[in-house]
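The chains carry the letters A, B, C and D, assigned in the order they are written, with residues numbered from 1 in each.
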Amino acid sequence: MSLEAPEPELDVGETPDGDLDYDELADLLGEHVLDREEHVNAEGFVIRPDSVETVLATLKEEAGFDHLSCLTAQQYGDRYESIYHLKKYDDPTQELSVVVPTASEEPVSGSAAGVFDTAIWHEREAYDLVGIEYEDNPDLRRILLPETWQGHPLSNDYNQDQPQIVPLREHANPMEKRTQVPDRSDTMFINIGPHHPATHGVLHLETVLDGEQVVDVDPDIGYLHRCEEQMCEQGTYRHQIMPYPDRWDYISAGMLNEWSYARAAEDLADIDVPEYAQVIRTMAAEMSRIAAHMLAIGTFALDIYGDFTAIFMYSITDREKLQNLLEDLSGQRLMFNYFRLGGVAWDLPEPREQYFQKVRDFCEYMPGRLEEYHNLLTSNELFQMRVLDTGILPPEEARSYGCTGPVARGSGIDYDLRRDDPYGYYDELEWDVITDDGCDNFARALVRLKEMEQSARIIEQCVDVLEDWPEDEREIQSNVPRTLKPDHDKEIYRAVEAAKGELGIYIRSDGTDRPGRFKIRSPAFCNLQSLEVMAEGEYIPDMVAALGSLDIVLGEVDR
Amino acid sequence: MSEWIAIGGLAIVAVTIPLSMMLVSWLLRPSVPEQGKRATYESGEVPTGSSYDIRFNIQYYMVALLFVVFDVETVFIFPWAVIFEDAVGNDAVGFISVFLPMAAFLGILVFGLVWAWRNGAVQWATSQQAERQRVE
Amino acid sequence: MTLAETISSALGLEGAVGQFVGGFIGAAIVGTFILANAAVAGPWAKRKITAAFTDRIAVDKLGPLGIGIIIPDAVRLISKELIVPEGVDRPAWDIAPLLIASSAILGFAVIPMGQVGPVEFQLADPEVGLAFVFAVASIASVGLVMAGYASNNKYSFLGGLRAVAQNLAYEIPLILTGISVVIFAGTLQLSGIVDAQQQTLVDLGPVGIPAWFAIVNPFAFILFLAANMAEVGRNPFDIPEAPTEIVAGFQTEYSSVYFVLIYLGEFVHIFLGGAIIATIFLGGPSGPGPASIGLLWFLVKIWGVFLLTQWARSALPRVRIDQLIEIGWKGMLVLSFANLVLTAIIVGVIA
Amino acid sequence: MSKEQSEPELHDTLEQAQSKQDARMGGGVDDRFNSKLRQAFGSTPFILTKFDKFMNWVRGNSMFMLLFGIACCSIEMMHTYATKHDLDRFGAGVPRASPRQADVIIVPGTIVSKFGPRLKRVYDQMPEPKFVVSMGSCTISGGPFQEGYNVVKGAEEIIPCDIHVPGCPPRPEALIYGVLKLQEGIRAGESAPVTVKPYELEQFGDLDDDALVRKLASEIDEDDLVMRYNWADSP
């Protein structure tokens, strides 16, 4: 993207103006492509279950699809289907779906785990919720539900009223399963979480220690699996789904999450959004981002400093200011429910000048505060001693694990959907994407601190635009039918840059006013999977710091 | 001698205070045995194994050995420090003859420390297993 | 005259009886005094100080500035149910809190806390005071290890082991730096060390800078402060109970009165650390005004050190255990050797 | 030293659970406010009343909270502890990470099937007297996720709750109000009856023999603790 870069070599299937030539891609895969489907976001190639690994490997190596963005599994009346949503880190607008149908009677599919590390967890989730089995997945067990759960809740014949038994028993030492480590003596298996101050919620880390060092760590999630996908599938498009995104990433990042649903549903149902509403959305979303990053920084400091320290309190103080601004705008402190399909719920609060003044005051106040954070955190030698060169996540691993957001940008991956796949009002504004080559805990914290600065810049520009907006053109919502019924079998995958990274939504319409399948691609879910790379071999405190620097929100991880 | 009686007195007081607190607590506290209440706390999970049957990697073993050596040596420095100023002031002894022997003694200690340092003994021993995992 | 002797002579008792009675009454007074300090610090002052650092108010409902919280807090903590977890190693598990609390209190036996009116507030003044206080102060680590190991809990176990590692790292620098003061003072007797700091170092007309060893040898003072932070286990060295890593470290399994004892022991220990610093570096109870308000100055100094620990807790990150070993052995130990030799040379050459 | 040490370990058979329920529900104040001293005062009502009043005052004025975060509500809970709202003004703002040292557990979020047994375990590990603030709609009833296949319909299915703070999530002011109401209740000597909840931890071997149990028999040991959810019976 940068100017100095030489003329980039084109991948197979890439046209010089940055589009995709699907015919060329189909030629590349040859006879593997059984059929081609048209999704709203990209074309889908239908392939046989046993050629998953070959096809994905070819696409990754020759066509440059190095980002397995999401895996959607679903059950139709006659078949199961897994859809691998592929993207490129260089240009996320170049998308491709790989559709793998499997038989109803015996839903066994090949695994992508050999090509993308992130597929391991995604396939576990698909197995857990839908019931497709992935051969060759090295670790195919339930991930969100307890291991003794009966049935697969998102499959068609699941009976929600059947009783379930959940055990509370000793966990086996994962080292016993992994035979490549010959000598497992002198190690200690310890459960960190689900009730533990380091886990920021209800994450469970099965940790094996050798002395103070972590030999093996296996995140066990699902302690907050609130059936978000089921909830969204039960709601109508127009109004009933929008409250739920607020509760995925609940750290005041609601606006960003709502946008992900709004973007997907609007593109699915061909709804236009007035530009005025887009500006308001952009402003609100960036406020959310600052609030979310504030908490990320605060809790990261909490992990390294101990509880109730100055930085944590300062970040909460600043969050209170933001929450006040957002409350003025939306009427709620945390669960905003402010976006509507086709716009936003209502216009800026009156008197407008007063609100603009408040926002401007905050933007002016931010740089001084950030300087304070830099004084307390990044320029503190003890802090540097603790976080520099710990929790290393090399860029190639980050790509393979599908990391996005500040985690990826802290590993030097220049990937930001706000710029690379523009939506809202972002491409009209002046701002920078922050990256850092440190790849360590420090880099991730630094990226967040600098991103807040950029967000403040965006907010200021939005205020400028909003102030000059002619009074009679303040259209906050376009005309949207009361009941939305997108065409039957229309499929879409759309993502936005949420606080934690790429938050994507897949919706398949079944012709009714509710989604046939609603799949959430959560950035924290993918980021958390990379903890193993960061933490193994490190000391316990560094593992805790690495977890803090990932900034996971369990609501989003487990959904 | 009376000093040590008073110190002994405080030792008794120092034990009596906690004991009396325990007594008060015994009088005041309820006792509701419940299922699971006495289970070892491990973040709400059932602990795997007990902490007694672990063969644990004490990563500061070398440091602990060195500590014993140095700690004993510091005992010798105490009496020297006490008499130092008097001895220096005393014409019969003089600075050189008080200082040099101890300087030599400390020199040997420092030399030992340098040797241990170079051999990597005064640092946290990294775990081989963990290092292997990091590489993988 | 020490407190014990004052009491026995006031009661008109002599000989062994006098010594015993005086000793015990004195000990009870000193013990109560320390306990009162810890009671103010633990449930109340700590909260108010951290609150001040983090823009909060903290307790303010009972009594002036909320100081009344001490009573409900103390009674409530003591009246909680005592849970003895499965598989704890008794009696070590029961002795550990006792040891942590008692050892810290015992350290105050030799500290010269200054005068209250005509009475010298020092229980005893043995020849080997400094060595005694170092010895007693380090007993607490044994308590921590016992607590950690006997709890049959893995977090406690890690906390106990960390306590040992921490002990190894700071103990020698602490003692060596203490010895450098002994070179100046020429005695281990704490009253002697205090007396050695009574002269005026520089006379600036109306104000005289006293010859406190903190001013004579600021380098040793800072080194000792750092080592003391590790001794009392406060940030940046609160490694044995690092809450975000190992829940509550060695005290994870302790409830009710045992928890109170550990908590109390920690606070008394902070004050003991403060008392040592005050005695050997800050001129003990000396300060402006008549000698009869010495205790006040002494209190100001130990509370100053307490304030410092709380400040560090609010603002400093916790170092890692391996970094602590490196700081202790490669940094502080070398510096404390250098300090010792330089002190000896300076004292020798000037004298 | 105390009574519970000499007693044999408790096993949770249904029968015992039943007798435990009876014992805890049995007349008068339940056992968790009892003590040796209180029993000794038993014959002198005047002192007993004064003593109870004092102890209630003590418990109602100071409490340590369990550091416990589940979901969205925990964010507002953090705000309640922190600057601006500062729950510590009411003597209730010291979070302890270990349940052994906590008096009050604020349950801030949705309880799902996998977390239910862990919540129960952590609650059990707290020493008496202990209190529960159930914060937010999810903890009251399952809230917006009530229809979910995996969501427990309120924390009260698993642990007894002393006070409910509605909201999604409740504002910090609401949580403060809830905590104050709890303190008021404790000072007035009120407390939620500690009853055995629909979902208890039981040993697998004690469950009624039905199709599900037979199916899982190969996966779960007889003496493993389990929690059995009967979703069809849930409110």
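Please note the rule applied: a residue touches a chain if its C-beta (ideal position, glycine included) is under 8 Å from a C-beta of that chain, and two chains touch if they have at least 3 such contacts.
Because the structure is a prediction, the values reported are computed rather than measured.
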| item | value |
| --- | --- |
| Higher-contact pair (C-beta pairs counted), A-B versus B-C | B-C |
| Length of the line joining the C-alpha centres of chain A and chain B, rounded to whole Å | 48 |
| Where chain B and chain C are represented by their mean Cα positions, the distance between them in whole Å | 16 |
| Distance from the mean Cα position of chain D to that of chain B, given in whole angstrom | 41 |
| Whole-Å separation of chain centres (CA-atom averages), chain A against chain D | 34 |
| For chain B, residues contacting two or more additional chains | 22, 28-32, 37-39, 41-47, 51, 54, 56, 58-59, 124 |
| Residues of chain D engaged with two or more neighbouring chains | 1-2, 4, 9, 32, 35, 55, 67, 82-83, 97-100, 118, 120-122, 125, 128-129, 201, 225 |
| Where chain C touches two or more other chains at once, by residue number | 54-56, 75, 79-84, 86, 154-155, 243-244, 247, 252-253, 256, 321-322 |
| Overall pattern in which the protein chains touch one another (line/ring/star/complete/other) | complete |
| Touch list for chain D against partner chain C, complex | 1-2, 4-5, 9, 32, 35, 55, 57-59, 61-63, 67, 82-83, 86, 88-91, 93-94, 96-98, 100-101, 103, 125, 127-129 |
| Chain A residues within the chain D interface of the complex | 144-150, 153, 158, 160-169, 194-197, 200-202, 222-228, 230-231, 234, 243-244, 247, 250-252, 295, 307-308, 312-313, 316-317, 319-320, 323, 333-335, 554-555, 558 |
| Interfacial residue positions of chain C with respect to chain D in the complex | 43, 47, 51, 54-62, 66, 69, 71-73, 75-76, 79-84, 86, 94, 243-244, 247-248, 251-256, 259 |
| Complex contacts: residues of chain C adjacent to chain A | 50, 53-56, 154-155, 158, 162, 235-236, 238, 242-247, 313-323 |
| Chain C - residues contacting chain B, complex | 2-5, 19-20, 22-24, 26-28, 30-31, 35, 75, 78-87, 89, 97-98, 101-103, 105-106, 108-110, 123-126, 131-132, 149, 151-157, 161, 164-165, 168-169, 171-172, 175-176, 179-180, 182-184, 186-188, 247, 252-253, 256-257, 260-261, 321-322, 325-326, 329-330, 333-334, 337, 340-341, 344-345, 347-349, 351 |
